[in-house]
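What follows is a single structure, written as structure tokens, with notes after it.
Going in written order, the chains are labelled A, B, C, D, E and F, and every chain counts its residues from 1.
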Amino acid sequence: MINGSDTGFVLMSAALVMLMTSPGLAFFYGGLVRRKNVLSTMMQSFFLLCLLSVQWVLFGYSLAFGPDIGHVIGSLSWIGLKNVSMAPNPDYSATIPHALFAVFQMMFAVITPALITGAFAERMKFASFALFSLLWATLVYDPVCHWVWGSGGWLKTIGVLDFAGGSVVHLSSGVSALVCALMLGRRKGYPNEPLPPHNMTYVLLGASLLWFGWFGFNAGSALAANGLAVSAFIATNTAAAVAALTWMAIEWISAGKPTVLGGATGAVAGLATITPASGYVSVGSAMLIGIMAGMVCYSAVVFVKQKLTYDDSLDAFGVHGIGGMIGMLATGLFAQKVINGAGNNGLFFGNAGLLGAQAVAVGVVVVYSILLTFALLKLIDLVLGLRVNDEEELIGLDHTQHKESAYTLLD
Amino acid sequence: MKLVIAILQSHKLDAVMKALDEREIYLKTVSNVLGCGRQKGVSEVYRGVREAGNLIKKVRLEIAVNDSYLQPTVEAIIKGAQTGKIGDGKIFVLELAECIRIRTGETGGVAIG
Amino acid sequence: MINGSDTGFVLMSAALVMLMTSPGLAFFYGGLVRRKNVLSTMMQSFFLLCLLSVQWVLFGYSLAFGPDIGHVIGSLSWIGLKNVSMAPNPDYSATIPHALFAVFQMMFAVITPALITGAFAERMKFASFALFSLLWATLVYDPVCHWVWGSGGWLKTIGVLDFAGGSVVHLSSGVSALVCALMLGRRKGYPNEPLPPHNMTYVLLGASLLWFGWFGFNAGSALAANGLAVSAFIATNTAAAVAALTWMAIEWISAGKPTVLGGATGAVAGLATITPASGYVSVGSAMLIGIMAGMVCYSAVVFVKQKLTYDDSLDAFGVHGIGGMIGMLATGLFAQKVINGAGNNGLFFGNAGLLGAQAVAVGVVVVYSILLTFALLKLIDLVLGLRVNDEEELIGLDHTQHKESAYTLLD
Amino acid sequence: MINGSDTGFVLMSAALVMLMTSPGLAFFYGGLVRRKNVLSTMMQSFFLLCLLSVQWVLFGYSLAFGPDIGHVIGSLSWIGLKNVSMAPNPDYSATIPHALFAVFQMMFAVITPALITGAFAERMKFASFALFSLLWATLVYDPVCHWVWGSGGWLKTIGVLDFAGGSVVHLSSGVSALVCALMLGRRKGYPNEPLPPHNMTYVLLGASLLWFGWFGFNAGSALAANGLAVSAFIATNTAAAVAALTWMAIEWISAGKPTVLGGATGAVAGLATITPASGYVSVGSAMLIGIMAGMVCYSAVVFVKQKLTYDDSLDAFGVHGIGGMIGMLATGLFAQKVINGAGNNGLFFGNAGLLGAQAVAVGVVVVYSILLTFALLKLIDLVLGLRVNDEEELIGLDHTQHKESAYTLLD
Amino acid sequence: MKLVIAILQSHKLDAVMKALDEREIYLKTVSNVLGCGRQKGVSEVYRGVREAGNLIKKVRLEIAVNDSYLQPTVEAIIKGAQTGKIGDGKIFVLELAECIRIRTGETGGVAIG
Amino acid sequence: MKLVIAILQSHKLDAVMKALDEREIYLKTVSNVLGCGRQKGVSEVYRGVREAGNLIKKVRLEIAVNDSYLQPTVEAIIKGAQTGKIGDGKIFVLELAECIRIRTGETGGVAIG
């Protein structure tokens, strides 16, 4: 039966998740790039909000959550939200309108490809980006989402736990981002020339709005205004805070000063990492997960990337890919049935099986994302080309892709 | 001594700096300017209105050099900034009466480098 | 009877609508003007949040929603929110405190005159703006609101449907904006000199916050956390996305590139247009409405305005006036009783009558807004003058109207 | 019994209060400082969000709200949120999970020390700031919170009313800010050189987000989605609007022009002032309180500060200290049992006793905050030093404390 | 050849550019500066504190001209920028030793226009 | 007449202005520049990457003076800006051919002050 409190709470949560993509992610990423590319970077988030909203309504939701076909994909019987009514669908949520579940999930489908854009900032053609994102959402996101969350999805069936999208959202986008970074190649000048963030206050604005919106993302994933939502809220906030402190502490010790970018990045890493675990773990476990997130993502961003010298411009892989991976595995370690009866116990609470399932999910999502992203990029490279030309890259994408500039110069 | 002032396309700054470095000309001062030249404004479009503002973002480079460095400086700038297309910019050379290093109070040619 | 879920949902919705005016609209408009006028532009939104909050409590609510007098205006028996208690008023909302309904409506009364400020940006005297807004809110907004939404209001009585303010908010303000643009005259230099937006990232921030807040505006207008709110939420998001895509597609085809400003403007146009229809139409209809919004508002802003060379500086008419008009008529076409039993069927669902009522509402609101706005501006011109003088316009309104500047120059 | 509507409403309110600290306060304060210090200023808010989130979970909540010890402090039996379950704790809130009450309160514990940072902007060492804030939160905030709000707290026992934190949040931080300003000494150049705000649009963004978040702060403090929350919402909005108008009116009369900074500051002063009273007073009283807030805080900021020439850089004392004080006393004057049965009548409604209790609370909090803040600063000065050195202050704290700069210069 | 540097009130730039256009002087470089002159700072008021910062926003115009164009350039600037009130700005004229068009490498008088 | 151009550390501007005031040199024009000199870039660290951008924020001061004021101007700048550490900046002196006050049309030495 429809429950008003749950409905109101999930409606507001959906709004909060929308805010994460734009202005949240738009400003987080936009502040990090150079002045001449800020609009093109923000545009990618904003455009995906538009594009995926339509894709989801038209067929994306049906593919991801529609009646199961062979455990791998949803059927097309819900296209155009046909049969998605205001009655609840107990497979997904017994107390809110089915259409609300669909629109809440829409906001996840929107932000996931937007996360990837961190990898190809400052050099990708707009048309190619748009085509890639549409295909990726359809061929990667929708199936993976079905496997993990769809009724009948095969990863769900083997017991994988992913509360709010560690594998579906962060791992899939993060790994794909790495493939993008490798295939697009580095920005001109990277890593020899300095490419400092053009507006760090935007980065902080974006990170703060992401943190705020993440309450809708994780607590909202309880799909009810209940104790589980509260538990997820606390785990989320705690992991974000701890990961940010961890990151800053490492900087303080190793480089002498904690930085704003470190704090912001650490918080986002903590948020990404706690995501799959947020509805299954205690506040103490959330702290440990936050510490892991801070330490491992820091290493990935600062050491691994610099060693391998690929140009994941805004660290979509280091933060979301690695964070999603740790989070999925940590769920296999720290999950507790006393926190969430619908979940399972993890290794530290006597059940080794869960960790296995989580590892399978990680492996499968990584491999599938790599293969599909690779194939899609190859294809688009043939048809449209991936990168703007050198001259356009030098002039900047705001001018060359959108005929606009972000700021005027004269007062 | 000469004061060389060059107006460049913003995105050519890196190439010019590299060309200067090769000639061991390291000291310079850079600023943002808006240029109005033969180049038509990069037309921007805002709600259908073409803003052919003919003020275009450029970078201004100021380099004080001893006379013997004038030629290499000019060469380096041309090497780094020339595309052959309108908008490449100009170099202006002024006679420099005096140069003083604030740190030491040194004056003249020794203060320049 | 008071229902906690509905109360909580409408409280949050009211907060979201507040956010639309400032920082939402403040940044959307503020980014579009020149550096020297950004504070004066933002100030207009912020100031109206303060001014109208008080006007509404003191007498605005009573005029708009108070006990009906002759179908045209509310009586003064609710001034100072007298008799507006924590018990529900079933005329307006059976499940939330009457006072909550009043404060939710307050946020609509706040944003409506703020929308007009787009027309007189960069040249209107602050005192004249303040006086105009107060009078306009009292003499235009409050009566129109009563006609359409007030219990006993004559447009309501003839069956006009306006779910969240297509006529009350967008049409009334948009048409008045056109009158303001014509009577104030053009900014110095317009249309010969380029007047590019001084900060496009602010425009995107504002547009995104408007989109976010619009969930409170439209879904909140269900006044309950129920299926209708969900339906309005989806229609809103869909129309915004489709209108933005339509706008960008037109640009892409006609000018070679989609722009950030196009996307942002298209989204706002879609949001304005879907507003009156949002609680009455299916998601499919919302798509069609979005396409119409994109195409017609684009034409109004890009072709009509440039042809007629009036200076509606920030396109308050082209976006909100035209959007409100299309939306009201589209409601007459696409409304469906199966979506909202309290509504009616539109032309495409077998009932031509509704379209007639909608057309009457459009006609009446247009004529009334034009006449009153014209008269008010004439009056204020006599008393205070409308425009700052030439010197002040050149120096900029931030300095001359507020003795402030937005940004310092030296680092 | 747990109530879903209340749970959902308080969850969202907690998210809103989180938003107040960062980006709300971060941008309000960050816009006011000079370019070279903006990151260090914003960082203080963001860092406290991280630090206090952890402190609160670890032991802060237990100290403040844990089982009472001698009416002065909570015991440590709730450390790590032990025994803080998803069942309600009727001492604090009968209808929401106890853990939700804890996390809602967390956001108050976060913002309170962040308010103080306004006093030492642009000159305090980061390490000293961090240590000070942690100790202050533990030794000032937690006990004061226990006295006023903790079950068994002695100020609560004598009948002090503080709905959402006039004494606990604003008075304690504001008074401590004054001590900080005095002990740190003035910024170099103050008051002889001009130190204009480097980005007034950020100030407006911050103030607007504070206003928005304050609905969660005050209405959320009803801890239920009910009439009391509605009443607090209206009082909050009204007082903010009236105080802003009052401030701008004074400027208009005395300096010829109303300013954006005046409006923003007035609104925040109104919000701070209404905070303790918001759940106890009528909308009419809220107006009067708003006028008082505007007039008295204006005098404190403009006349008193300039006369005494201490450098409370961002007016944390003048706005929050004075505002909290007036608000606490005004609660003693304007409170009404008909608004909130759990409250009491104030002097104007026939009960002089309440004013006495409020005055005691003000006195106690002022004295305690001064003494402890003084002692803490003395201690930290010995151990770490308080101020950066002159050279660092000249270069700016962004570089010297965080090795970052907020904006790049070249386009 | 001369290098003309003019410091103007920001809001006079458009008028000056128009006056220069009339005299067919199209090429120029513009930048933001802060001026400190006889003009008292436009007083701004922040929380009651009058910030009489005597650094006022101005615009800096740089125009390289052949000698025959000097007179018209100066006239145009004065025409566009003069109000007769304090703060109108100054024009500085420097001897220009050389001018080079980066696009072509041309030097001297032909490179200027 | 001379045109003095000085490149200073941003945070020394106030001290220089004070020193100039003491010598009754009030008129000047200030702008933001990025300097590249012997000074190594203040290293900033973004996600572990040390951005040793060798372009450092500086302030550019332009002062037109009559010849008799040249010495005091240079002295004042040195007094206000000198720390003895690398990065203190430079002073460039150019011959000023003409100076015109836009407000009055006055030229030469009287127009400078």
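In the analysis below, a residue touches a chain if its C-beta (ideal position, glycine included) is under 8 Å from a C-beta of that chain, and two chains touch if they have at least 3 such contacts.
Given the structure is predicted, the values throughout are model-derived calculations rather than measurements.
> Where each step is a move between two chains that touch, what is the least number of such steps from subunit D to subunit E?
1
> Which chains contact both subunit B and subunit E?
A, C, D, F
> Between A-E and A-F, name the chain pair that shares the greater number of C-beta pairs in contact.
Most C-beta pairs in contact, of the two: A-F.
> Cα centroid separation between subunit A and subunit D, in whole Å?
A distance of 34 Å separates the two centres.
> For subunit B and subunit F, let me know how many angstrom lie between their CA-based centres, rounded off.
Each chain's C-alpha centroid was found; their separation is 19 Å.
> Which integer distance in Å separates the CA centroid of subunit B from that of subunit C?
Comparing mean C-alpha positions, subunit C is 49 Å from subunit B.
> Going by the touch rule set out above, which residues of subunit C reach two or more other chains?
3-5, 8, 12, 36, 196-197, 255, 257, 259, 261, 403-405, 407, 409-411
> Taking each residue of subunit F in turn, which ones touch at least two of the other chains?
10, 30-32, 34, 44-46, 55, 57, 94-95
> For this assembly, give the contact graph shape among line, ring, star, complete and other.
Shape = complete; every chain linked to every other.
> In their shared complex, at which residues does subunit B touch subunit F?
3, 17, 26-32, 62, 64, 94-103, 105, 111-112
> If we count contacts the way the header does, which residues on subunit D are in touch with subunit E in the complex?
191, 194-197, 251, 255, 257, 259, 261-262, 265, 298, 301-303, 306, 315
> Can you list the residues on subunit F that touch subunit C in the complex?
Going through subunit F, the ones touching subunit C are 10, 13, 30, 32, 57, 59.
> What residues on subunit D touch subunit B, complex-wise?
409-411
> Give the list of subunit B residues in touch with subunit A in this complex.
Where subunit B meets subunit A, its residues are 10-12, 14, 32, 34, 42-46, 55, 57.
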